[in-house]
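In the two assemblies presented below, subunit A is common to both, partnered first by subunit B and then by subunit C.
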Partner chain A sequence: MTNKKITVRIQRFNPDTDQKPYLQDFEVELAQGMTILDALHLIKEDLDGSVTFRRSCRHAICGSCAMNVNGQNMLVCETPLREKIDKNGQITIRPLPYLPIIKDLVVDRSSFWAQYQRVKPWLIPPDNVPEKEFRMSAEEVAALNDAEHCIMCGACYSACQVIALNKQYIGPHALLKAFLRVLDPRDADPRARLDDLDKGDGVYRCHTIFNCIDACPKGLNPTKAIETLRKLAMKRQAFEAARKERQKTLDKPVN
Partner chain B sequence: MYKSTGFISFVLRRFTGVALVLYLFMHIWVIGGANSGAETFNDRMEFLGSPLFRIAEIGLLAAVIYHAFDGIRLLIVHYFDVTEYRKSLFYAAFVVSVILTIAGGLPILLHALEG
Partner chain C sequence: MNKSANVITHDVIVVGAGLAGTWAAMIASREGVTDVGVLSKLHPLRSHSGAAQGGIAGALNNVRPVPDTGPRGPLEQIPPGDDLIDSWELHMFDTIKGSDWLGDQDAIEIMVKDAIDIVYTYEHMGCVFSRTPDGRIAQRRFGGHSAPRANYAADWTGHVLLHTTHEQALKNGVKFYSEWVALDLIVEDNVCKGVIAMEMQTGQLVTMRAKAVMFGTGGYGRAWKITSNAIANTGDGVAIVYNAGVPLMDMEFVQFHPTGLYQHGILMSEACRGEGGYLRNKDGDRFMEKYAPDKMELAPRDLVSRSEQTEIDEGRGIGDDGQGIYLDMTHLGREKILERLPQVRDIALNFVGVDIIDDLCPIQPTAHYSMGGIPANANGQVIANAAGDPVVGLYAAGECACISVHGANRLGTNSLLDASVFGRRSGYAIAEFIKGGAALPEIEGDHLTRTQARITRLKSDPASGKGENWAKIARELKQTMTDDCGIFRSDEGLRRALQKVKELQGRFANAHVMDKSNRFNTDVLGAIETENLLTFSEVIVSSALARTESRGAHSRTDHTKRDDEDWLKHTMAHKTDDGTPELSYKGVNIDWEKYPPQERKY
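Let's look at the complex of A and B:
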């Protein structure tokens, strides 16, 4: 049996020669077990070497291959090609929306990383770092809601309509990271973090559109993180006091 | 454009919110007519009594109802952990709004057609 031919439509844009982006069709044979990234590689290697895209790990962990496929953001390295072919035998691949295009499927993520830096994504350790290890309870870990699984792919950020209108907004990825640090019992300065998130570009800028949840390839929930941060920001003084108390026993086993 | 039910709800919310603000200006203009005496007020009321404005009133009703139920939907999301049901909540708010708009809009329409 010969393999079915499908049409891969890729949005092309070369800033040196093109006025605006356009779609280009490529015919590809649909092979067993092929991912969308496999199709892109096939096109680049056999049909047109100038097709430009980012990828690294091919294992859904580096976050560099997030693109917009048939209108949804996803990691192309983990998505089977077969799943995304429409009834006309077509699949349309565009760069992540709402971000400046560098070339073809590669976008400029500067604002994404700038907002990430803004929330100080690292852990601020307490003065009394335990000699052996930090002890957290199962509840404390569960409350983090898997936020540490984020791979910084930008799918949520570029799906967010608030980001589309306002690049000053911190954005779902960085707010999720801030949530991870604020809720971490080891973090020594949740108060300063909440002070910053409470500002105009912070948690109240979210319009609860939910595109971040729909877009996240890791099934994470930035909206819920933002709702939690809003509530904590309102009682940050009490929260800070509770954290100080908690940090006195970070080296002791809990429950 | 990132299309999703969330996007539709955001556009509808903004559209109805701005429409309501614009309506408010007109509303103040009509009611404010009373300051200039009964005649002005009656003139302005009559202007709004035309069939065209009757029909536009159905649009106003739709905007108020949808905006209010969308607001309630958002309050529910803010106070309860229900992001999992985000699509169902949107559909619920939308369908309830459509039903109430028909229930309230039909009498207005019939009245407008009677003249």
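Let's look at the complex of A and C:
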């Protein structure tokens, strides 16, 4: 059986030498089980070593390899090449949109990380820390599961139409992180977080276009988290009081 | 931080931003050493600690087997006031036995005692662990552990620990150099003085001077074709340290994980078996009955991988090439899999098109964990020789280090523990060293020029007909290590491997890159990583060839027994002037009263 030949179109751009980005075609034999990342490696190692992209774990947990394939953001390591070939036998790979390009498929995520830091992603623990673990119920853990699972790949961020126009917006990834801390019964200062999140560039900037949900390779729902944060911001006093009450029993069995 | 042309100075430089490096940086900064810089080849959150799945070990005594259901019965939370089933002593014995008695028992004792505190510390820092019904941290079984002590967050435990630790380091104001690659270590007269590093975005080389340097650069599984390791896990730190004249220890001990995804090598967590999964050969038999009748699928990894390979070699493997085995989780039920193994389910779906809820998953042994590495004591202090003399100002922890707590074979969930505990201890030791008045050492030689020359050589146009693509050399190395330095080894195969590695080292002298640019040059990086693979692979093969016994993950078909008489000792490999390793040996710390060597049966 001879393997089918396909065309991989890669957006190239080295700001030191190129006027503007351009597409370059590479021909690759489609092998069984090949991912898009496998194709990129073949091209880099055998055809053109200057093709530049990020990758590491190659099983969708490190978050390095988010790119734009045929117009959609995804992790190329977990996406079978076969699934993304169009009727002309082509696939087009571009860097994540709306971010400055460092080289080829490598983008500058500085604004993305700045927003992540801005929400103070670390837990603010209560004053009284038990000798053993804080007790949490299965329901409390389940509520945090999605946010906990975010791999910070940037697929949602670069799919967000608000981010495209306004890098001051905190963005879906950082709001999901904020959600993780606000909803965590161990966090001692959800009030301060909510006060910050409902300022101008916070939760109300989201236009509920749902691009982040479509783009997320982990199937997470930042829009829903943002909606929850809005609701909590509206009743923040009651929420703060409930949190204070809950923190009194954090060292006790949950049932 | 102090910066002039091509020189950056910090009190402390940490290389690697996985759990070990981040813990060290976080603790040192918290202890008042504010000038800490962390270099990472990748963005810190891309580090491979985040790929660990099943759990972190610690004898918390939160769960036990339901009484009268036997050692493999279902688990329940231990009611308050009931007898405890686990202890650090039991954890210690399991780790020693798992190590095939090559682990240093003083270091193991420190690790298992610290385990309990470090798991609670993670919880207090915000890790969202899975829970028992009454809200304690959930625990599951893992191979070689005689109690359920794998503390877990679904099957993304490493991800949760890594993100949480990174957040804490940010909170402490640690400075991260993201996508900066360490290329060389500067050691002069046994004093560590800094590193030569490359900023990926500009390609610029910089001398980074420091009073203390700490390595947490991870493992070296990328020397094999089938591996669970990230593409970045090229053992750079191990190679760099060795090139600087520091020895490497126990490099021949490389663990093959029993359940890598067939033909991909991607990790399918041991939690699959911890939660009750079976291994079956092509006839559908649970073959572990033959090899470990008591522990079955939850025997330690070295034993299970050897059992799989034996089944495969005797013609009972599955798949086109007969190199696979089935992992059977179809009896666990949808609910349990979705709750506790969501990530591995997605991996099997995406990469081999199998839904583990309904179907058998093809797996095979995969190069997974490097027990050997940079020799260090329990404070992370790197040692220069078998006598234990320190390399002043140099520290190491995590997978790149050999403390040695895993000896000849690591138990699952002890790696997140090792990286955390000894990363933290390194942080304290470094803080003490700096606050004790450590001076910034002057650098004598011109290290940067030498490193720059290597890169210039790679970028130069090769003499006609002589140049070679580094990627081809890397592929041949991986094939060789797989064929002749894998699960089973022999004198004949290892000699063949050694010859091949030397041939490839020779060919690398003419290897070149296609990308001649300075900006984000991953072609140059790939070539340098390949050079690193070639450097330490020679040490692995030489150490394995010398060790004429079978112990833990080092299994010789021509010397099938453990030989305590001659080989109950650590291998130390120094680089000699002609580049070949010189082997010497170091005693193992053993408490002969409490934990003398025994036959290792499961």
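Quick notes on this structure:
Basically, the second predicted complex is superposed on the first by the 254 of 255 C-alpha atoms of A that agree within 3 Å, B and C clash if a C-alpha of one lies under 4 Å from a C-alpha of the other, contacts with A are read in each partner's own complex, and residues count from 1 in each chain.
Keep in mind that, in the parts below, a contact is a pair of C-beta atoms (placed from the backbone, for glycine too) under 8 Å apart; a residue touches a chain by one contact, two chains touch by 3 or more.
Keep in mind that this is a model prediction, so the values were computed, not measured.
In the three-chain model built by superposing on subunit A, subunit B fits alongside subunit C with no clash.
Of the two partner chains, subunit B is the only one that A:210 touches; subunit C does not reach it. Of the two partner chains placed by the overlay, only subunit B lies in contact with A:97; subunit C stays clear of it.
Greater residue coverage of subunit A by touch, when subunit B is weighed against subunit C, goes to C.
After overlaying the two complexes on the shared chain, residue contacts for A:221 are found with subunit B alone; subunit C is out of touch.
In the superposition on chain A, contact is made by A:134 with subunit C only, not with subunit B.
Residue contacts after overlaying the shared chain place A:151 against subunit C, while subunit B stays out of touching range. For the combined arrangement built by superposing the two complexes, subunit A sits at the apex of an angle of 170 degrees to subunit B and subunit C, based on C-alpha centres and given in steps of 10.
Applying the stated contact rule after C-alpha superposition, one finds that A:247 touches neither subunit B nor subunit C. Within the superposed three-chain model, A:115 lies out of touch with both subunit B and subunit C [touch as defined at top].
Here subunit B and subunit C sit at a least CA-CA distance of 19 Å once the structures share a frame through chain A.
On subunit A, the surface touched by subunit B in one complex and the surface touched by subunit C in the other have no residue in common. Of all residues in subunit B, those touching subunit A in their complex are 1-7, 9-10, 13, 74, 77-78, 81, 83, 86.
Listed in rising order, the residues of subunit C touching subunit A in the complex are 42-43, 45-48, 50-51, 60, 80, 120, 123-126, 128-131, 133-137, 153-154, 156, 159-160, 163-164, 167-168, 170-171, 201, 230-232, 263-264, 266-267, 343, 346-347, 350-352, 469, 471, 513-515, 517-523, 526. Here subunit A touches subunit C in the complex through residues 14-17, 33, 35, 44-46, 48-50, 52-64, 78, 80, 102-103, 106, 109, 113, 117, 120-123, 125, 129, 131-138, 141, 144-145, 148-149, 151-152, 180-181, 184, 186-187, 253-255, going by the rule given at the top.
Considering their complex, residues 68, 71, 73, 97-98, 158-161, 164, 207-211, 213-215, 221, 223-224, 227, 230 of subunit A touch subunit B.
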